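Next come the structures, one after another.
Each of the two complexes below includes chain A, the first together with chain B, the second together with chain C.
So, the complex of A and B:
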């Protein structure tokens, strides 16, 4: 564990040095990210100009859900997204995965954390402001709700990571498919809205087979509506299954990896 | 002309080498459609709404359906490589050959987008079959006008994007600016929701800019919401904007090509 934090520290320090040298790029990226938030807020406001609730949720609850989904995406975007995407884009195809296999550290973790993007975290500041703003309009909430919410947030974080790994891992077998890197971004759109928006069968599938929906829906539901213990148990089981599945497929994929000749 | 046809043929070959990748990409786009489809169905049903700014539920779903198809062809951001060619030094290959950089960029974008559109056919059929009760089809003349408009807006959008790409000659890698301008232009084009949903004062800004011709105008032709006179005016407008962008490109290229070192970064 100490090694994990030390490696992370070194990689993040290098990322900060690198990012500070490309200020123009960072400025454009930040503008892009701010605009993305503004666009989404406009879209949500537009929807609520014509309806009072969306799947039983009011505008502030939906805003909070949106901001929460963004928070998870941003943290992963800053920490693990680029590293995992490189697996599909370059590492397998060019044989550069050798570099990670030869290190005395878990290859899956090392690939994930290898390319952090520090500047992405700036978006988190805007996003957190939106979270606080929406929460202030959701009324006072019991402390227990916050407690369960924090636990579910941690589980959501791991579940998101596990699903991302599962979506990327086919690149061990299908080499020229860097389109896989887009899948999680597109799936993340589903997390932005309450489960009530989707048809029941789809909600069931998105909560169990591909549980992208529960990543945000359950923690926010627990915080804003009902702190049910059963939700925490369900989420814990789901996260464990998906983390183990991701791990299993990664190890299977590794066996299929044949360096630059693959 | 022969050399450009040869280039187009080669470009098609290059793009078909990655069909599986394209298929994955276009299949994932289905997610957007279904999210918006579910969202607007809920809004109309729970709010007991028959129309929003002249759009019924069928109108909105059809809007997203056709936008999804147009997106496959008209969104050229990732299909023009001029910026990359400049900062990597690969532009030298084009400069020493007897062809026009602008024409080559157009061919690259066209071949990639055309393949994209063809590969997307199965997913488009799936999309249609699932939401068909909410999709209204255009009349035959409007289907033809739609095709012409999409082709013209593709030419305009390419010219706009190439203008940003060529800035790389003087200012270095434009990737992040391209990402930003692409997102802005998609927003202003009405790719996320119909421009008509916005308050009238904001619509004014969207209407004076050329981006509405990429999504909003073609989608309204699909929905039979535009008269031939309006469509005709839109075509003239697109051609004027294209000329402006091409002139801008030529001006920037002429002024900045001297900064190109051919060494890459």
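So, the complex of A and C:
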């Protein structure tokens, strides 16, 4: 664990050195992302001009859900997204994954954390403001709700990561898979809305087979409504299954890895 | 003590494609390494030679644990490489001449600090190794330079430093001098020789440059089409495949060229102003006596066959 944090610290420090030299790109990226957030908020407000609830949730609850989904995406976007996308875009195809395999550190973790983007976290500041704003309009909430929320937030983080890994892992078999890097971004749009907006069958599938919905819906539900222990158990089991599945397929992929000609 | 033992290593790469005509998946198999056996003692510096596509790099990748073999067994430092035990990976290093493991956009020293964390190298050992290698390769000014601002030779020096930081016992070098100029190649060769002698580590080198092999390796393994063709001392290779000497005579005048043409030997040829005779070592004495009696001594040179030529002949077989 100590080794993990040390490596992470050095990687982040190096990323900051690197990113400090491309300020123009960072500024434009941040502006674009802020535009995206503002755009989404306007869209939600427009929806609520025509209805009082969405899937049984009011505007502030939906805003909180949206902001929470963005928080998860942003944290992963800053920490693991680029590293995992690089596996699909370059590492397998060019054979550069070789160097990860010869290091005495878990290759999947090293690839995931190898390319952080610190500047993405600036968006988090705007997002956290939206979270606080929405939460303030949701009324007072019991402390126990916050505790359950934190536990589920941590599980969400790992579940999101596991699903991302599962979407990227086909790169070990199908070498040119650039489309996979966008898949998680597209799927992440699903978790912005409450489960009630989706038909029952789809809700079931998006909560079990591809549990994208569960990543944000369950933690926010536990915070804003009545917390249920069964949600925590369900989320814990689901996260464990998906993390183990991601790991299993990654290791299978490594056995199939054939490097590339130099 | 045998540090590497490989038996029957075979690696086949299978490519699948869908045949739309017959609506089935067709598989094409390419065997890169075929039933290769190898034993390497601790401290040896071995050269792997072979034409492009012979299987040298693939074999290196099997031994370093990067790829799983299709069949066969191997033990390196007592470990099965493709199990990727961290205790094994802590003791090996790999350098690939055509790829970089260091980060492109940041100074080399920052990449070294990352490697220090990955390999868990204590500070005093890290500093000692870094200072030693920076001095040996004379590259102090490169430490704070970004990899993308370096020349190929400078990048290779940095890569070599990176691979020796954690005192590995086995180092795989895949064409480390490719694309380098003469001076850079010589610097790297001198460095590798020094490291092998001082640290007694085992080095396995693949290269297309005979200069590397001749200067660094006493033992040579020749691989062709995935199979081992020769495994032994470099000197014995010459004995086996070209047990002869080459006599070159510089022919200044037409008269001398006529004398050369009348020499009673079948294996001679005229190349511009140079007459070349290939002589078996057993017949050398008599031929040399005759040559020196006809031509001026300062125009005659006797040498061993070019190793590259010998190896090229083996590749073609």
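Some notes on this structure:
Quick note on the criterion: the second predicted complex is superposed on the first by the 260 of 262 C-alpha atoms of A that agree within 3 Å, B and C clash if a C-alpha of one lies under 4 Å from a C-alpha of the other, contacts with A are read in each partner's own complex, and residues count from 1 in each chain.
We take it that a contact is a pair of C-beta atoms (placed from the backbone, for glycine too) under 8 Å apart; a residue touches a chain by one contact, two chains touch by 3 or more.
For clarity, every value in this text was computed on a predicted model and none was experimentally measured.
Room for both chain B and chain C is found when the two structures are superposed via chain A, with no clash between them.
After superposition on chain A, the vertex angle at the CA centre of chain A, spanning the CA centres of chain B and chain C, is 90 degrees to the nearest 10. With both complexes placed on chain A, chain A has more residues touched by B than by the other of chain B and chain C.
Once chain A of one complex is fitted onto chain A of the other, the partner contacts of A:129 are absent, as it touches neither chain B nor chain C. With both structures placed on the common chain, the touch criterion links A:187 to chain B but leaves chain C unconnected. Applying the stated contact rule after C-alpha superposition, one finds that A:3 touches chain C and leaves chain B untouched. Of the two partner chains placed around the shared chain by superposition, neither chain B nor chain C is touched by A:208. Residue contacts after overlaying the shared chain place A:257 against chain C, while chain B stays out of touching range.
By the touch criterion defined above, A:14 reaches chain C but does not reach chain B. Of the two partner chains, neither chain B nor chain C is touched by A:23.
Taken over all C-alpha pairs, chain B and chain C come no nearer than 10 Å in the superposed arrangement. On the chain C side of its complex with chain A, the touching residues are 13, 57-58, 61, 64-68, 84, 86-87, 89-90, 92-94, 96-99, 101, 103, 105-106, 110-111, 113-114, 117-120, 174-175. Residues of chain A that touch chain C in their complex: 3, 6-7, 10-11, 13-14, 17-18, 21, 94-96, 98-99, 101-105, 110, 255, 257-259, 261-262. Of all residues in chain B, only 17-18, 20-22, 24-25, 28-29, 31-32, 34-35, 38-39, 42-43, 46-47, 49, 52, 171-173, 175-177, 179-180, 183-184, 187, 192-193, 197-198 touch chain A in the complex they form. By the touch rule above, chain A contacts chain B in their complex via residues 24-26, 28-29, 31-32, 35-36, 39, 43, 46-47, 50-55, 174, 176-180, 182-183, 186-187, 189-190, 192-193, 196-199, 202.
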